[in-house]
Amino acid sequence: MNFTQELNWIRRHMPRTARMVSQLGDCRGKKVTICTHLDIKMVPLYEGFLKQGGELFVTTCNPTTVRDEVVSYLSSLGAKTHAWLNMSQADWEQSLQQALDWQPDYVCEFGAEIMSRLQQRPGQTMKAGLEGTGSGVSRLKQANMTFPVFNWDDLDAKEGLHNRHMVGLTAWQAFFERTRMTLHEKNVVVIGYGLVGQGVAFSARAYGGAVTVAERDPARRLMAQYDGWHVSELDDAIAQADVVVTATGARNVITARHLRALKSGAFVMNVGHVSDEIDTSELDLTQGEEVLPHIYEYQQGNKHFFLLANGAMFNLTASFGDSVNAFDVTLAIMASGLAHIMGEGANADPGFYLLPDAVWKPAVSAITLDTPASQ
Amino acid sequence: MNFTQELNWIRRHMPRTARMVSQLGDCRGKKVTICTHLDIKMVPLYEGFLKQGGELFVTTCNPTTVRDEVVSYLSSLGAKTHAWLNMSQADWEQSLQQALDWQPDYVCEFGAEIMSRLQQRPGQTMKAGLEGTGSGVSRLKQANMTFPVFNWDDLDAKEGLHNRHMVGLTAWQAFFERTRMTLHEKNVVVIGYGLVGQGVAFSARAYGGAVTVAERDPARRLMAQYDGWHVSELDDAIAQADVVVTATGARNVITARHLRALKSGAFVMNVGHVSDEIDTSELDLTQGEEVLPHIYEYQQGNKHFFLLANGAMFNLTASFGDSVNAFDVTLAIMASGLAHIMGEGANADPGFYLLPDAVWKPAVSAITLDTPASQ
Amino acid sequence: MNFTQELNWIRRHMPRTARMVSQLGDCRGKKVTICTHLDIKMVPLYEGFLKQGGELFVTTCNPTTVRDEVVSYLSSLGAKTHAWLNMSQADWEQSLQQALDWQPDYVCEFGAEIMSRLQQRPGQTMKAGLEGTGSGVSRLKQANMTFPVFNWDDLDAKEGLHNRHMVGLTAWQAFFERTRMTLHEKNVVVIGYGLVGQGVAFSARAYGGAVTVAERDPARRLMAQYDGWHVSELDDAIAQADVVVTATGARNVITARHLRALKSGAFVMNVGHVSDEIDTSELDLTQGEEVLPHIYEYQQGNKHFFLLANGAMFNLTASFGDSVNAFDVTLAIMASGLAHIMGEGANADPGFYLLPDAVWKPAVSAITLDTPASQ
Amino acid sequence: MNFTQELNWIRRHMPRTARMVSQLGDCRGKKVTICTHLDIKMVPLYEGFLKQGGELFVTTCNPTTVRDEVVSYLSSLGAKTHAWLNMSQADWEQSLQQALDWQPDYVCEFGAEIMSRLQQRPGQTMKAGLEGTGSGVSRLKQANMTFPVFNWDDLDAKEGLHNRHMVGLTAWQAFFERTRMTLHEKNVVVIGYGLVGQGVAFSARAYGGAVTVAERDPARRLMAQYDGWHVSELDDAIAQADVVVTATGARNVITARHLRALKSGAFVMNVGHVSDEIDTSELDLTQGEEVLPHIYEYQQGNKHFFLLANGAMFNLTASFGDSVNAFDVTLAIMASGLAHIMGEGANADPGFYLLPDAVWKPAVSAITLDTPASQ
C-alpha cells in the first residue's frame, strides 16, 4: 500500500477530524509549531491547517517514530520541516531550537519539549500551547508558565478511548499477527489494572486467554476482582503463566527473578507506558535470537522464553497503532484544541488548564459516517 | 401473590403457548393423560386443551413438585385428577394405574412412567405418546413400542434453552436471594462443562465470580479452555474454591474427601441432573444447621462449609424455575407435540421418533410480544 | 429469617469491617452521632464501636429506610436513639436537633443533615465529620466549615463498587424475582451511561437482554459505543423497547410523551439517583393496578404498560440492596473514616477533604475470607 | 519470515500433533495418499509419517491453496508429489488419477476427490480412508463404499473449534489488518447464526462492534436472542449496517437488492462456507477499484461500498487461517485418524463411520505446553 493510497483511505475515514478542520476557518497569519509523532494519521489535521493558509513548523517529539514521507508531504504543502527518522540526538536538539527561533505564536506538543525549553528563552512571544501527553503535563505542572497551556491528555474521551480500548486490542492483534498464536489454553497474566491493563485483560479474553490480574494497589486489585478476574500475587502467578504482559507505567515490574521463574516457552510482552517495565539488565540483549520478526528467544539453562520486541512497547513496535476510526476522535479533539488556542484560549491568563468541555465535546459528537466531509 | 393473580400474569406472558393452543382446535373426543410436573406454568396448555373440549387425566411425574392449586384448578375445569403434593409412593403408583385404566388415547410425559407400564398391559389402545425428558427417552429406547412416541427432549430449542440459559441463571439468582452474597472476590469452581455447566460458568461471571472449570472429558475440557475459562483438576481447584457447583449429571462427583479439602466458609451447590452429585453419605444430614433457609452449615474440625439445599438441586429447590418467557417457548413446543400426536403423528408406524422440525419450528417462531393472544 | 439469624450471617460475612472495627481500639470517651440509613448491614460497625466503649447517638438520614429492629438492638447496647420507620417530618426534625443538643464530638452522615444545621448553632464544639453521599458533599461544599469534614463518597472504591457493580445487578435480580421474567428476546433501553447505566447495561446482557443505550452527553455516548452497545436517540429507541430503565440522576427523563410512545406491555423502571426520573405527573398513580407486588399496570387507550414500584427507585424498593460482601467493603471504608476523624483527622484545619488514600486503602486490602474476624 | 524459520516455529508449537505422530510408530510399508490443503501447518504430520518410514503420495484438494515450498519439502523427504499452486484443471485431474494408479492402501482427504473416483475403478485395493470435510462426507454418504471410511469432520472438537473459535476471530483480525479500522461505532450485521455466525458475532463485540444478527431459521434466531443479540430481518438491518458479514453456507444470501440498500461507505464481507454467499452477478467485478489490498470499492450512483476480497471468503483470502495452536488440535485428531485407518480401523466392515471417541480423545487431551515433543 503506497503513501497516497494510504493517506486517501485515512482521510476518507476521519470525518470528525475533517469537520473540526473545516471549523478552523481561515488560518492565514497563524504560526504553529508542532512537536508530535509524525505518523500518517496526523496528516489530516496538518494538511488542513496548511491548506487553509496556516504556517507550520514541523518537528517531532520522538525521532524513532518519524515517517519521512509525512515530512516530505507536509513540506510539499509549504511547511517548514526539520525532522527525519532516527535523527541524532544533536540533530533533534537543533530541530527543537530551530522551532523556537522560528518564533511561533502557538505550539502543539506531545511531551512539552518546546514549552519546557521556552522557559530558558527570555523575550519569547508564545501566545498559547496545547499538550497531549501525561509526561508533558507533569513536566509543565512544575514550570512557571508565562502563557496559557491547555491539557487534553486527561480528558476521558482521549485517555479512556486510547488506553482502555486501543492498547490491549492492538497488542493482541500484533501478538496474533507476529506469532500466529491465539491465547486459547494459555494463562495470561496481566500486570497492572489501570485503563491499559483493563483493556489488555478484556481483549485477551476475546483471543481465548484465561486471564489472571496481578496488581499491588488494593483498590485497583479489588476493581479487578469486581470485574470478575482471577487475581493473584505476581510471584504466584508467574510460574503458571504462558503469556505475561506488563501494563503498569512503572519500571522494572518484571525482574530477572521473575524471568527465571517462567515456564519454558512463555511469552513476555510490555504494553505499558514506559519502555523499561521489564528489567532486561541481566539479559544480554544481543544474545536473543530473533526467531520470528519482533520475537526474541532467550535460553535460561534448559528453559527458554520469548521476549516480544526485546521488551520495548510491543503495541507500538509491532502494530500500526490506534485504528483510523479511533484516532479520528483523538485528532478531532486535538483539532478543537488547536482552534481554541488560536482563538479564545489565547486570552486566558498564563497558567495550566484542562481543555474545556465546550471546546472538545462538539469534536466527539456523532457524525453521519456515510458522508465523509473530505469527499 | 395469589394463585389467580399469578396465573393471570403467566397466561398473559406466554403468547407462543397461546398461539399453539389455539391451533389445537376442537379437542372434543380426545382423551389425554398427562404425567408431568404440575407447576402453575404448565396450566396455559392444559386449561386450553380442556376449554377446547378435550378430556384430561392428570397425574404427576414427581409427587414432590405438585402444586395442589394447579390440580384443583384443572379439576374445576373438568379434568380427572389423582395427584397431590408429597403423595405416598403407593398413592402415586395407584395414580399411574388409574391413568391407564382410564384408557387414554394419548399420553404426555416427563419420565415415561405411564408408557413403560403400558408394556405390561395387554390390550391397550394407546394411539401415540410424547416424552420430554432424557431419562424417559432412555427408558423408552430400551422398550418395544407398540405405538409411535415422539421425543422432544433432544431438540436444541428445548435442551439448549433450558440447560444453557436457565439453570445457571436461576441458580445464581437463588444463591443471591438466599445468601445475600454476590460472587465478587470469590473463586467459583464449576464441575462439568456440558450445557448446564456452560450456563453456570457464564452466569457466575455476571455475578462477579472468578470461574474455574473442572471437567474430565478432554474434548469438553478443551471447549472450556477455548471459551477462555481457567481449567483445573478438581483436586487442585477445590482447595481454592469459595463456591463449588456440580453440573455433571453423574453421581458422587464431590466426595467426602473433597468436602474435607474445602476452605472454611466455602459454599457447595448442586445444579446438575441428579440429586446425588454430592456424596453426603459421610455427613449426618440431620446435623447440618439451617443457618438461613436452604443454607445448611456443617462443621469439620475447626472448619465449616455451607451445603445449599443439603445437596439437592438448588435451582429447583430454592428458585421458581425457568422464567415465564423462557418456559413459554418450552410449553409451546410441547403444545405442538400434543397437536402432532393427536393428528398426523398417530399415523406413524410404532416406534420412537424425534419430533419433526415442521411440527415444532412454528411454535418457536417469533411472536409480537405486545399482543398476547390470551387477552 | 429472623433478625438474630440475619445479623449473625451478616456479621460473619463482613470480615473487612470486622478488621477495621477492631482497629478502632478503645472508643471510651468518644461521642459520635450517626445520621445514616439504619439498615441491618450497618450494624457491624455501630455495635463494634459501642462494644469498644464508644457513645452513640442514632438518628437517620431517611425515615423511610429505618429498620426498627436495628434501632432497638443498638439501644440495647447503650446507644441513645431517636428514629423509627416512617417517623413524621416533625419527629425527624426533632431527632436531628436532639442529636445536636447531645453535643457530639464527631458525626457520620449520609446527606449532611446534621452538619448543615450546625452552621446555625453558635458555640458548637464538633471536632470532625464524615460524609458519604454526593448530595451531602454538594451541600457542604457551599457551607463554611468550622471543623474538618472528610468526604468518602467520591472514592472510586465506594462509588465504583456500588454504582457500577451493585445497582444494575440488584435491579435485574429484583426484576426477575418480581416479574419472573428474564430479558431474553427483549429490547432493553438504558437511559444514561454513567457508572450506574454501565452496570445496568452489562447486567442486562447477563439476563439475556438486547441492550440499547440512550445518552445525551456526546463523550458518554461515545463511551457506550466503544463498549460495543447499540446507541440510539431516546425517541427512536422508546418505540421498540420492551423494558426501559432510567439511570441518569436527572429529573423527568421519561415524560408523558415517552410513555405514550411505548409498545403495549412494556416495563418502565427507575434505578437512578433521584426518585422522579420518570415524570408521572400526567398519570393518576392511584389508578395503577398492582398486578403483582411492586408491578403497577397502567392502561393507555388500547395499550398498557407496567411501571415498576410506581416510578420509585426499584433497586431500593424491591430488592435488599447491596450484597453483604460488597457492602463489607463500603462499611470498612466508613469505619476507616470514623477512625480517622476520631484520630489524626480531627487535627486538620477546618475545611473539606477527600478521605486520604493512606486511611481507606488498608480497609479495602485483601482479607482471607475463610477466617472471619468476628468468629 | 522464511520457510525454514516458519516451519521450525510451527513444529515447536504443535505438541499434540508431535505426540500423535510419535504414536504412529513404525510406518514402513504403509502407502498413504493425501489429498488435502498443502499448507505449511500440515507439514508436522506428513514429515513425521515420512521420517518414520511411510510412503506418501501428495496431491491436493484445492489447487489454489497449494504452497509450493511445502510440496518441495515433502518431496525432499521422499514423498511422491504431483501438485503445484494454481495447477490447471487437467493437471489436477491427472494428479488425482496418478494418486490412484499409485495404488495406495490408505487415503486421507478433504473433499473425497480420490474416494469418489475409486468407485469407477474395478480392482482397487484400498484398505481404509479418512475424510475431514462436510462436503466430502455428503459425497461419500451417497456412494457405496467397498472399504471402511472414517469421518472426523463432524466431531465437535473439530467443527466446534474451527467454526466457532477460529473463523470469526481470524476474519476480524484480517479486517483490522487490511482496513486499519476497528468496529467501534459500527453496526455489524451478521447473517447466519450457526457456529460460524456465533463466532463472528462474539468476536465482533470484542472489536467494538454493535452486532445485529439476521437469521431465517426460527430456532437459531431464538438462540441468537437467548445469547442477547439484537435480531432483525435482513431487509430492516441492511440499511443501518456499517459492516455486513455472511456466515450461512448458502448461496446468494446478499443480493443486488441488498447491495443497493446499503449506506454509502459500508463494508461487505463473506466468511461463510461457500464463495458465492454474496451474489455479485449484477456487479462488474472488473470495475471494482482495489483501494487497499483485498478491499474493492464499488460506486452505486452517489454511494459506494467496499466488497472485501471481492466476495470470496475473506478469512481464507486475507488472513493466515487458524492459529498454530488451534490447528495443532485439528492436526492431532487427523493424526489419530491416520493411525486408526492404518491399524484397527482397516478391519471394520465396508461403510461409513464417525471416528470413534477412543481414537481421537487421547489426541485432544491436555499436554504440558512447555515441553514440545519435537525439541
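We just call them A, B, C and D in the order they show up, numbering each chain from 1.
Note that in this section contacts are C-beta pairs under 8 Å (C-beta built on N, C-alpha and C of every residue); 3 or more make two chains touch, one makes a residue touch a chain.
Just so you know, these numbers come straight off a predicted model, no measurement behind them.
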B-C or A-B - the one linked by more C-beta pairs in contact: B-C
Far-end chain from chain D, centres as C-alpha averages: C
Inter-centroid spacing, chain C versus chain A (mean Cα positions, whole Å): 39
Distance from the mean Cα position of chain B to that of chain A, given in whole angstrom: 54
CA centroid of chain B to CA centroid of chain C, Å: 38
Per-residue overlap in chain A, given as positions that touch at least 2 other chains: 165, 184-185, 205, 208, 222, 226, 326
Complex interface listing, chain C residues touching chain D: 184-185, 187, 205, 208-212, 222, 225-226, 228-231
Residues of chain C defined as touching chain B within the complex: 1, 5-6, 8-10, 13, 165, 169, 173, 176-177, 179-182, 184-186, 202-203, 205-208, 242, 263-266, 291-293, 303, 320, 323-326, 369-372
Contact footprint of chain C on chain A as seen in their complex: 155-157, 160-161, 164-165, 217-219, 221-223, 226, 326, 329, 361-362, 364-366
